[in-house]
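The structure that follows is given in the form of structure tokens.
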Amino acid sequence: MHKNKGPVYYSEYLLLDKLLNCQEPLSRKYQTDSNPECHDETLFIIVHQAFELWFKQILHELNSIISDFSLPYLPDESLGKINQRLKRIIEIQSLLVPQLTILETMTPMDFLEFRDLLIPASGFQSVQFREIEIKLGLNTKERFNVDREFFTGRLNTSDKNKIETTENEKSLFHLLESWLERLPLTDHKNFNFWNKYQDAVEKMLNQDEMTLKNNLASLTEKEKNIQLTNLENTRLTFNSLFDEKSHRELVSTKKRRLSQKALLNALFILLYRHEPYLTLPFEILNNLMTIDENFTHWRYRHALLAQRMLGNKIGTGGSSGHNYLKNAADNNKIFLDLFNLSTYVIARSYLPTLPAELKAALNFKN
Amino acid sequence: MHKNKGPVYYSEYLLLDKLLNCQEPLSRKYQTDSNPECHDETLFIIVHQAFELWFKQILHELNSIISDFSLPYLPDESLGKINQRLKRIIEIQSLLVPQLTILETMTPMDFLEFRDLLIPASGFQSVQFREIEIKLGLNTKERFNVDREFFTGRLNTSDKNKIETTENEKSLFHLLESWLERLPLTDHKNFNFWNKYQDAVEKMLNQDEMTLKNNLASLTEKEKNIQLTNLENTRLTFNSLFDEKSHRELVSTKKRRLSQKALLNALFILLYRHEPYLTLPFEILNNLMTIDENFTHWRYRHALLAQRMLGNKIGTGGSSGHNYLKNAADNNKIFLDLFNLSTYVIARSYLPTLPAELKAALNFKN
Amino acid sequence: MHKNKGPVYYSEYLLLDKLLNCQEPLSRKYQTDSNPECHDETLFIIVHQAFELWFKQILHELNSIISDFSLPYLPDESLGKINQRLKRIIEIQSLLVPQLTILETMTPMDFLEFRDLLIPASGFQSVQFREIEIKLGLNTKERFNVDREFFTGRLNTSDKNKIETTENEKSLFHLLESWLERLPLTDHKNFNFWNKYQDAVEKMLNQDEMTLKNNLASLTEKEKNIQLTNLENTRLTFNSLFDEKSHRELVSTKKRRLSQKALLNALFILLYRHEPYLTLPFEILNNLMTIDENFTHWRYRHALLAQRMLGNKIGTGGSSGHNYLKNAADNNKIFLDLFNLSTYVIARSYLPTLPAELKAALNFKN
Amino acid sequence: MHKNKGPVYYSEYLLLDKLLNCQEPLSRKYQTDSNPECHDETLFIIVHQAFELWFKQILHELNSIISDFSLPYLPDESLGKINQRLKRIIEIQSLLVPQLTILETMTPMDFLEFRDLLIPASGFQSVQFREIEIKLGLNTKERFNVDREFFTGRLNTSDKNKIETTENEKSLFHLLESWLERLPLTDHKNFNFWNKYQDAVEKMLNQDEMTLKNNLASLTEKEKNIQLTNLENTRLTFNSLFDEKSHRELVSTKKRRLSQKALLNALFILLYRHEPYLTLPFEILNNLMTIDENFTHWRYRHALLAQRMLGNKIGTGGSSGHNYLKNAADNNKIFLDLFNLSTYVIARSYLPTLPAELKAALNFKN
């Protein structure tokens, strides 16, 4: 516990003299009688600065989480701490959309008044946000449907280098995958969990088929075919969990990203989340999905804001921001595999009962 | 003011005896020793019933708004009342997503436990929600990318008739269009507002072009071309406001829906929203957009929930709900033209000054 | 897993014919030419019905939680389930304030139009909400500052009996206390945890005293005295944890409610929440506090609404609702002791390190 | 419209180099092997800096609103702008509570680890927040139940001077009062509005009395007396609107703050809010109440946070923060009179019909 080192004054501790002098509207700098300062530019600056402050905090948390996950062995006690920090990131994210809503209190007409001054600056140049994406595991090198040049071309050399350095570090996605792989969840001599699971799936699908057949009478020919195809697809989908070849195919077409081992362990955690030892691992997976979804949602809301401000006009950074952001919102899921896990879930009463020995072993040392 | 007609008791006034006996879980009806009642089915029922209660309230408000707009002449006093009721709908919508979040506290495993019992029922059979969509103005007859049969085929005859009756009534979209058309905003002998506006646009675009040229040096050849194309497109876009031919083309390709007259008056309201007489008309347009956006967002969140529950499995109604809902979220904008209005907005200082006579006339009798 | 028993139709499953016919505005029943139906009464009814639907769901969850806690031995696996259901209650509570906000879209003038018809009905007659309060552990028999007659006098015999029956059952508060008491957290032969804790507290308070003395120069005489008194009070407060006599005194003056054993175990859980075995117990305590706080907040917002609607006029139930609700918000904390726990917390680095044997034993069987 | 003055780079425009170097945790500065840097101190700093950024923005809006209201004549067009900026303040306030929630992700144990380093700094030293309170109209010179010395004694000379200068300027409360007084709403030769209103009140109260008498049979003696007293109080309360003596008494006991003229005009605006000319004035009053309520709520949540962090321990600023904040939340309403207006409201159908001449005159020039 740190002991007092002498009296502290609120505004000095927070460096308010510096912080509250970081707002320099260009419309003030260049004001003339016919072009006075734009009242709303201050808002524009402060909203973006608030984003950057919170991005700094998110990076602070991410770095500590990544550092824990980078250890060859993750002590049980760390899970609670990691989870607390993921929850903190989620709480911070809950500010992001309301901060956009504040910006929406500016009218397009008032924005157009000073927007020319900002060209060609653009939110795409936020190095901190790029770093967050990369550290989480967004594969920016292969960014879907987007010209990588578009981004890095806009950055100055120092920022470009920063991004490239970060891209070469292990991301949370990759560290999570390794951790999931080494969790000793289902490796037990006398109990092959996944065999039992495949049996249960088989039983369930057979029942689905029967239900379908019982309802066939009420369906048109077209619907009948749709349903039967759906069922067949479901079989193939479950199959892809265990069949190496179809797993590899999904990976190569970017429909799956985690290794088979990691994916199966993640599924096990989802299924047995009520076991006390799996509570924290499940929450960690769940919070990662929420973080992913929140950024997706924020990109989407950002796209709507761009449309409300500019319609189909060009953005200050020269992009038709709306369309880019909309695509980004659709395609930048990092933990895609975790979202898809529910595809492989079965009814609770069909879940294999875990033998006592496995339950005991769940006191894992990972 | 109504006077008391004798003592009233809380639970009798609210018909709680009836209301709180509308929850009949099928898993309770069919419970056996091996298949007990599912605790979470009650939640499933109550969430959906809460949706239906609020849909009833939204319809109550929509009907009163539509009835006001159907009058040949809309008295000024009605605008405040209409606006208040639109705001109420928005407040109600703010419950819709949190209600989905409550449903998400059910695990997929627990849902699968009773989901078979519900086949082939489906949320698509919510007649009240269909009615809301149709009354707002969603053109369900030409529903984008979706088989109309898919919907109506699932409804019983009485529900199908209800939907078709509603489809034949005037929607809020159409009534709003008529009201916008007859607002006497810019028709003045000695002042042709839209000519002045076109001049201002021209001035602004010329400036955009100069800004672009000043920055050309810092751009690659590819970027340069993108920017020049963007600028040309912006010119064409503004042109489409005034040129009848290109307006009709946009309508025929479903990129525009409002008549030219209605669109221009809506733009005028957006531009001069600070004029006291335009405050309420602007708020009405703005609230309609918010309502539209909120339903879009809700469909999107609904799609995410379906994915979290079932992954890529078939829904109880036989649809791959996730994909349908995602498409619906993308394509069911009703007041699309209002969202696009900001495309045609210019900087405040370029706005034509309204002459006193027009300002005076803004005391419109519509 | 339940199997399909034949086709189900959405509106029949949800009993919509019944549910959507539970809204009978009195102003419609008694409408005349001079006193037409009040548009807003439907809203008034539906808001209250939505509350009652959700109260039913909250009771459904509370009953299952109470039933689990009533077992002589609570299996580890139940903790996850209990926690999930507490979280569900919290999600449901998140609707309560927004539902009041919807009601606030009604103006006082419009409410007064039909409010006389409702006399003497009152929200205080919501039996379900009373039951929730009692089942959580609100000691309604000794309800602070309120005439018990005031409540029960307004209920009909059947409702009064219902309330009294519930009052005679064990509440969640009492079941939680028993569970906390029997958790074998700190009972170990060779390690007296609480002795070590008292040493740590002593060390911390001594340091606080030194910090204070170092800062005395910058304080006025008055402030100095305040600070020294504060410090002395802190010592006494910590003391009350371990000293039976001062504990009993706090209980008798209603400043403490839990038994000493339960309180200490709750504090232990708070302090070592990062130990995997204590994650779920901590979340349960934390969620109970959130539930408590949410209802407090809701009562407070309810009071504000009453003031916005009626000012200082009498309510339909004959109470000056605003003041009652405000008092209730201040004084109806059930898990007061959990909120006060942070009083007894010390800096992380001062926390006694748990010996391996105790950590191992934390794998509690309660 | 401002024209581009040369290329702008995102991080330079936002002064990120400076902004993101304003975080200097004391636990980092003083770190040793046994007392390492506290991870959570960064969060503590950034949360407070985010508050200060937003306070700066709120002050930016307040200053512009105060400057408009300070004009001897407030043009109609300004009402929309003022209202838009009030709504912006409300949107900013919606961040304040979630930012506290982020801070709550820090445990008390982790806070105690570095809290000694901060002594005697305190949030009470936020000069910007004080300025917001004073500019809104909080009468800090007579701050209820609080030692003024307590605040100003903690400030350095420069901050103290700043506060005192602000206290000597006209507050929004006072400017609003003047504006309300000079609105020519009810001054008309041939129509004495308030006489008519008093008649309507009389009619309504007589009916309340009859309703009460009809229900007397169902009441106990005690309840009967309560009700009759309530009714008598209501009469007295309405009376206080028009009777100068009782008005002055309320002012002298700080139960009322606005002048009688201003209060009556505010009531008129509330009653006839649906008249187009009163829409914006009503929204302005309503938004001021919301701002007031939001700060109240924030102080209250701040108090809860202090309790969650420290329990009854002393705060870093030497106050028992919890109790102070709780009192402040209860007693710092600025626009108290606006909240109480609903006391004087009557049913819509009892509202005097405005004669055409008054309606026409409502096109006020204030």
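For reference, chains read A, B, C and D in written order, and residue numbers begin at 1 within each chain.
Rule of thumb we're sticking to: a contact is a pair of C-beta atoms (placed from the backbone, for glycine too) under 8 Å apart; a residue touches a chain by one contact, two chains touch by 3 or more.
None of the values given here were measured: they were computed from a predicted structure.
Engineer: Which chain lies the greatest distance away from chain B when centres are computed from Cα atoms alone?
Structural biologist: C
Engineer: Using the stated contact rule, I'd like to know whether A-C or B-C comes out ahead in C-beta pair count.
Structural biologist: Taking the two pairs in turn, the one with more contacts turns out to be B-C.
Engineer: Go ahead and note the Å separation of the Cα centroids belonging to chain A and chain C.
Structural biologist: Here the centre of chain C sits 33 Å away from the centre of chain A.
Engineer: On a C-alpha centroid basis, what's the spacing between chain C and chain D, in Å?
Structural biologist: Centre-to-centre distance between chain C and chain D: 28 Å.
Engineer: Report, in whole Å, the distance between the mean C-alpha point of chain B and the mean C-alpha point of chain C.
Structural biologist: The separation of the two C-alpha centroids amounts to 38 Å.
Engineer: Can you list the chain A residues in contact with two or more other chains?
Structural biologist: Expected reply: 1, 3-4, 7, 35, 84, 107, 112-113, 116, 119-120, 204, 207, 211, 215, 218, 273, 347-349.
Engineer: Enumerate the contact residues on chain D facing chain C in the complex.
Structural biologist: 35, 107-110, 112-113, 115-116, 119-120, 153, 204, 207-208, 211, 215, 218-220, 223, 226-227, 230-231, 233-234, 237, 271, 273, 293, 304, 307-314, 318, 320, 339-349, 351
Engineer: Flag every residue of chain D that touches chain B in the complex, lowest number first.
Structural biologist: Per the stated touch rule, the residues are 1, 3-4, 6-7, 76-77, 79-81, 84, 204, 207, 210-211, 214-215, 218, 273-277, 279-280, 347-350, 363.
Engineer: Of all residues in chain A, which touch chain D in the complex?
Structural biologist: Its residues touching chain D are 1-5, 7-11, 13-16, 18-24, 26-27, 30, 35, 38-39, 42-43, 45-46, 48-50, 52-54, 56-57, 60, 64, 84, 87-88, 91-92, 94-95, 98-99, 101-102, 105, 107, 112-114, 116-123, 125-128, 156, 159.
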